[in-house]
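Below you'll find a set of structures to go through.
There are two complexes below, and they share subunit A, which is joined by subunit B in the first and by subunit C in the second.
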Partner chain A sequence: MSAPTVETPRRALAWRPGPVALAGAVAVVLVIAGELVSPGFAGYGQLVNLMRVAAFLGVIAIGQTIVIIAGGGGVDLSVGKVATFAAIIGSRVMAGDDANIVPAVALALLVSAGIGLVNGLGVTLLRIPPFVMTLGMIGVVQGLILAYTGGQASGRAAPALTSLVNGRIVFDLPGLLFLWLLLGLLAVWLLRRTTFGWNLYAVGANRTAAELTGVRPGRTLVLAYVLSATFAGLAGILLLGYTESVFLDLADQYMLPSVAAVVIGGTLLAGGIGGYAGTAVGAIVLTVLQGLLTTLDIGGAWRTVVNGVVLLVLLSLYGRQRRLRS
Partner chain B sequence: MSALLEMTGVRKRYGGVQALDGASLTALRGEVHALLGPNGSGKSTLDKTLAGTVVPDSGEIRIDGAQARIGGPRDAHALGVAAVYQQLSIVGDLTVTQNVVLGLEPARRSGFLDHRAARDRAATALERFAAAFSGRLPLDRPAASLRPGEQQIVEVAKALARDPRILVLDEATASLHKEQVEVLFEVVRELRAAGVLVVFTSHRLDEVFALCDRATVLRNGRTVATVDLSSTSEDALVRLMVAAPRPEPASPPEAPHRASAGTSAAAHGAREAPVRGGTAEPGAVALEVRGLTTDRLRDVDFTVRAGEVLGLGGLQGQGQSELLLALFGAARITAGDVLLDGEALPLTSPARAARAGVALVPGDRARQGMFASRPIQENLSLASMRRRARMKLALSAPAERRAARSMVERLGIKIGSLNDPVATLSGGNQQKVVIGKWLLDRPRVVLLDDPAKGVDVAAKEEIYAIIRGLAAEGAVVILNSSDNRELTELSDRVLVLFEGAVAEELTAAAITENRLVSSALRLAPGETL
Partner chain C sequence: MRGLFPGVRLPGVQLSGAATVAMLVVAVVVNSALQPNFWSGYALTSNFATFVPLVAIAVGQTVVVLSGGIDLSLGAQVTLASVVAVRIVDGQLDRLPQAVAAALGVGLVCGALNGLVVALVRLQPIVATFATSFVFSGLALVVLPTPGGSVPLEVTTAYRAAVLGVPVALLAILGLALLWWVLRRHRVLRHVYAVGGDPEAAYASLVPVARTRISAYVLGGLFAALAALAVLANTGSGDPFVGNELTLASVAAVVIGGTSLAGGRGGAGGSILGAIVLALVTNIVFFADVPTTYRQLVNGAVIILALALAGIPALQKRRPAA
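This part shows the complex of A and B:
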């Protein structure tokens, strides 16, 4: 992915690979390693499959990127739960009928946006730390899910949604990948070519200066959390299309990987620096790594260890890069 | 009597600024010694050198005849030096007792804290100030719950708990009430009687005369003189602080400064008129401020005409920055009106003020003015991009680039690429970016808080030219400056502020460096807030 080079200032003489390039290289290395260990790992069909798995994480992490760029300890831990809730609402309202797609998606996204709004207001007006606010929100949404479903998810994805997500369009690529590409471009546009995006970077880089430049930091932050929850809701709908029927913890496990994808993509947890191109690569790295570990038949415990080590190695590389640059 | 403290040849450089240029200070045991000088003369730096919070580039400090190496506050403490600054070092969540004994908590032999001893020690230190607390000592209250003046007293008690031989009081009376000042002075006199040296800095000259025995005057980082205050008049003291050591004739000798500005040939040393390069007659009154009051400002009144540069003078920290922040909607206004062209300015938030045509170049560039890690492009676009955006949202990259380029050319900002982080630029160019972002918004009112502070001489001149240009185009310009020469060069009028109120207004030929300094210092303090 080639985004504008805004976050990677290049010096004419000493070009060094930025986080995005480094993470991309790691993804390639992992794929080659997979092919060596288990021939066929890098086959076309297999790669398409990996990309499809990465897409869900990639879409959820759009919102996470936005919130983390906003700085001030910004993070949205509720994205997984919100995605689950959106899928549950979508499934029940669709009830397997194409005619219900529009109201189902609209309601799911509206509820998601509402949750994001509460997150945003809690963080800005009540000054609750984002970590605490969105962690608490997980519990609230879990309660809403139980109240809404009575403990038993119901309904079914509409066939049109399923064929949009799973149907092969060109080159045997599923529609999901094109949707991811579209949403990814939307994210890059939002961040790089809108007043919201530039305000967001400004607030993340220096909130006081942003306010004294006429930016409304509170409004920008609230919008960031609304967008985060909305993209999470969208990811939930896509997951629903993929799995056709839902279960009560469908997308919960995306919580930490969504943060990891953002960080691997070179976005600073401190805010103000980063972008979606990196996050997309980060989502791919994480997914390929999972695929490789599955292929190697490595058990749960060691899997977690390897995940952690890869994250630490990449981050220490980035730290080195930044020092060399400055 | 031999000197307790001898500081000689102390030098300290901050970036491009020589804060101390061979300053010296000799003070005796059992005296209260004032350290005086105009803004930027280096008194605070000298204080901090003594207290170990600033390490000088060179110079010698002798205490009691022995050479002292002060590499940090701990060294200073070990040598018996304690300091109190205007900015508090109180930890709000700790109790008063914990604050007073912070760093020297008494421990039992077991290694656990001895709370009773701590409380006793704090009580002893605070006892002499009992009168300042209306009787009861708030030993167990969190420090944050005290009033500012009381916190200041706790700060002094904390210094005294260290049993210093030398006590530095740097603007330590600024937040105190009159009665509290009296209590503090009583304590200082007791300390003097006990042989302690107190180094005292205050912007209130009457306090200096009431308390101090001798005074050392600094100017431009050098020591000018040390005088005996009992045989020195206030006038003589002020004269020592201002530029010319000779007795001051009327005012003409100051005028040539304006001509020496260099860039503007139009400003040729005229005496009477407020000549400024390229500026036509100021127009009608544009900005009207009536009874403006905030936490730090009292009842400020003034008007500014279109095309006029209004300077804000006085000692630093007398409310100049607060006034600019208030006019930009960034400080809560408790009373008063601000009108632009006869209509009330919406000053409830900076965003609303900016949309109404007000711009602020804040005093602390790194913290308040720029986005160090973001590209120059975004730094320049941010304040005005909503004007160019479609539906206030969609930005056009070429349009933003054109706008940024136009400003880079107009202000002569030296950059590599617009995509470089603004932090890669020199200080002067960074400041031009901060100014440039507002020029793109075409503001009616431009508020500048010490815009040329810490930039090199060439950039300074360029920033002056920008300010003159703004006025020439009919903007209302309000300029706060800690540099009196800057005020004389640029201002049509100067308001001298003192403790949050307008103390004096200087116009035309009265705007000289000498007048600015004497006006800033010689005012009767009157009652505090």
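This part shows the complex of A and C:
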């Protein structure tokens, strides 16, 4: 009966905080660091502001989480462009009129979902690696944007959308945060409580095994890409409500941070393991880091350098791969 | 018949995929039909002059991809190496050797940093090199905050000259191909293929996996430095944002060239052709009188098509779901 005596100390040594807790701790440390560097950083209004900025990344990263969990090198690089396109469509169809909100949002999400469908079909039917398929899609969506706008974004967010996103409802919190919470809960429900979610984890963990147990990997993957693009489109609409008018590269810069948020949140890029709670915390960490660096008076160039170094440190907390051993 | 025996590889030059060659032929034919003076000396020279940076960075990306990784910081490395070199040369021909050495040094250090982060800290390459790209592009802005600096006139003139009727830029591309051919014969590249194909098996066969991965990123950085020198010779001045668009294009070139993103299969010969195909597509769309606003859409659609076509041979070889 020597097994327990051997196992207990090993388990004690092997204990590590889960990725979500670790990322959360990092966020708290960053906020405290910010407060020390520039008093007022951790003030209520300032924190609410940071959370508001984090919400856009958080919503885009919902889809990214789904695609990455699906495995097989799954990643969606087109999310930033899709969000931009959705905002541009939304803005033009709305044209600043509340009556047009429903058709505008419907059209924007439909187009987004269509782009996701093409991504999904390219990945499953043509077997183009996801990285390359969605990379190529960036160029196509950029082309669609230019063709649709003629190089000049037009229109304006409807007032109702703006007040939904920016309006203070309870505790002086903007509506956007409640929308993010709602979408986040939807994502968790989708991943943990639906057949699609279970299939997704199964496909991500082992595609062949999933197929042998009756899951249709192709269908699950296509749906994953459709959802990814749709959530990106939704984030674009929210961003439109926030900025009120659009420009041609509105959401482009969210492309790789959405992947970073997923990884910092503890989801494996290899697929099959992870969840949205971690991603949400990851999005907050990245945004607080940005805010902290902005308050430091070190100039834009050095800020970019520090950003990269801190990102490396954050990734090495939980993004490490296992060691090769024989 | 590579692919039938995944573990066995033919020594020597690997035939780049037939699909890539076919695409190149089609692109050249279409381009020469649309661009009236395509075969004239001037058009050839200026076409090849713009190809070289992408070709160089695509070769670097190929080495990294073959090792099972990916380097999203290559474009930032091009930027950093080019601004460092332009600050050092400062328009004076006698400082050229130092500038070239500095650019290569930058590529070496950046590549080594990426290699350490990926191979020793064991971060996933996509996010790790994304993070280091911030470091490199930030440093580039520190070195040269705004576009400026100048390259000696002799360099830019020589770059667009021709030797015995052959454009210097074409010679540069051939030189890159030759460099790859030499590397391909070296033990390091054999290890890179082994590690990219199956790291566990490579580890079990006493291949130094970590060291090989680091070498792959260092080689990637050195090719990025060569791309930086080509950018400088082509544009004649420094720009702290010049490399941004090269990163993703380099990945596209690698895939169009038939190299598997999973690692271990492919070669830089295909990537060189892939880079030229990519550049020709832009040319074709320009000369095909596509309305300005639709140009990018057509461009993007053709590139997706090329990416899909490049994958067809792999599709036939490996039917079962993997």
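We take it that the second predicted complex is superposed on the first by the 297 of 326 C-alpha atoms of A that agree within 3 Å, B and C clash if a C-alpha of one lies under 4 Å from a C-alpha of the other, contacts with A are read in each partner's own complex, and residues count from 1 in each chain.
The rule is short, and it goes like this: a residue touches a chain if its C-beta (ideal position, glycine included) is under 8 Å from a C-beta of that chain, and two chains touch if they have at least 3 such contacts.
Keep in mind that what you see is a predicted model, and the values were worked out from it rather than measured.
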Touched partner set for A:Leu269, first subunit B, second subunit C, both or neither: second
First, second, both or neither for A:Leu144, with subunit B first and subunit C second: second
Partner chain(s) touched by A:Trp302 [first = subunit B, second = subunit C, both, neither]: second
Subunit B or subunit C, by number of subunit A residues touched: C
Touched partner set for A:Phe247, first subunit B, second subunit C, both or neither: neither
Contacts of A:Tyr44 with subunit B and subunit C, given as first, second, both or neither: neither
Partner chain in contact with A:Thr208 - subunit B first, subunit C second, else both or neither: both
Partner chain(s) touched by A:Val259 [first = subunit B, second = subunit C, both, neither]: second
Partner chain(s) touched by A:Ile128 [first = subunit B, second = subunit C, both, neither]: second
Subunit A positions touched by subunit B in one structure and by subunit C in the second: 208, 211
Subunit A - residues contacting subunit B, complex: 4-6, 9, 193-196, 198-199, 201-202, 205-206, 208-216, 272-273
Subunit A-facing residues of subunit B, complex: 328, 330, 349-351, 353-355, 360, 362, 367-375, 377-378, 381-383, 385-386, 389, 392-395, 397, 417, 419-421, 424, 437, 441
Touching residues on subunit A, where the partner in the complex is subunit C: 73, 75, 122, 126-129, 131-133, 135-144, 146-147, 150-151, 207-208, 211, 217, 256, 259-260, 263, 269, 300-309, 311-312, 315-316, 319-326
Subunit A-facing residues of subunit C, complex: 70, 72, 117, 121-124, 126-128, 130-139, 141-142, 145, 199-200, 203-204, 209, 248, 251-252, 255, 261-262, 292-301, 303-304, 307-308, 311, 314-315, 321-322
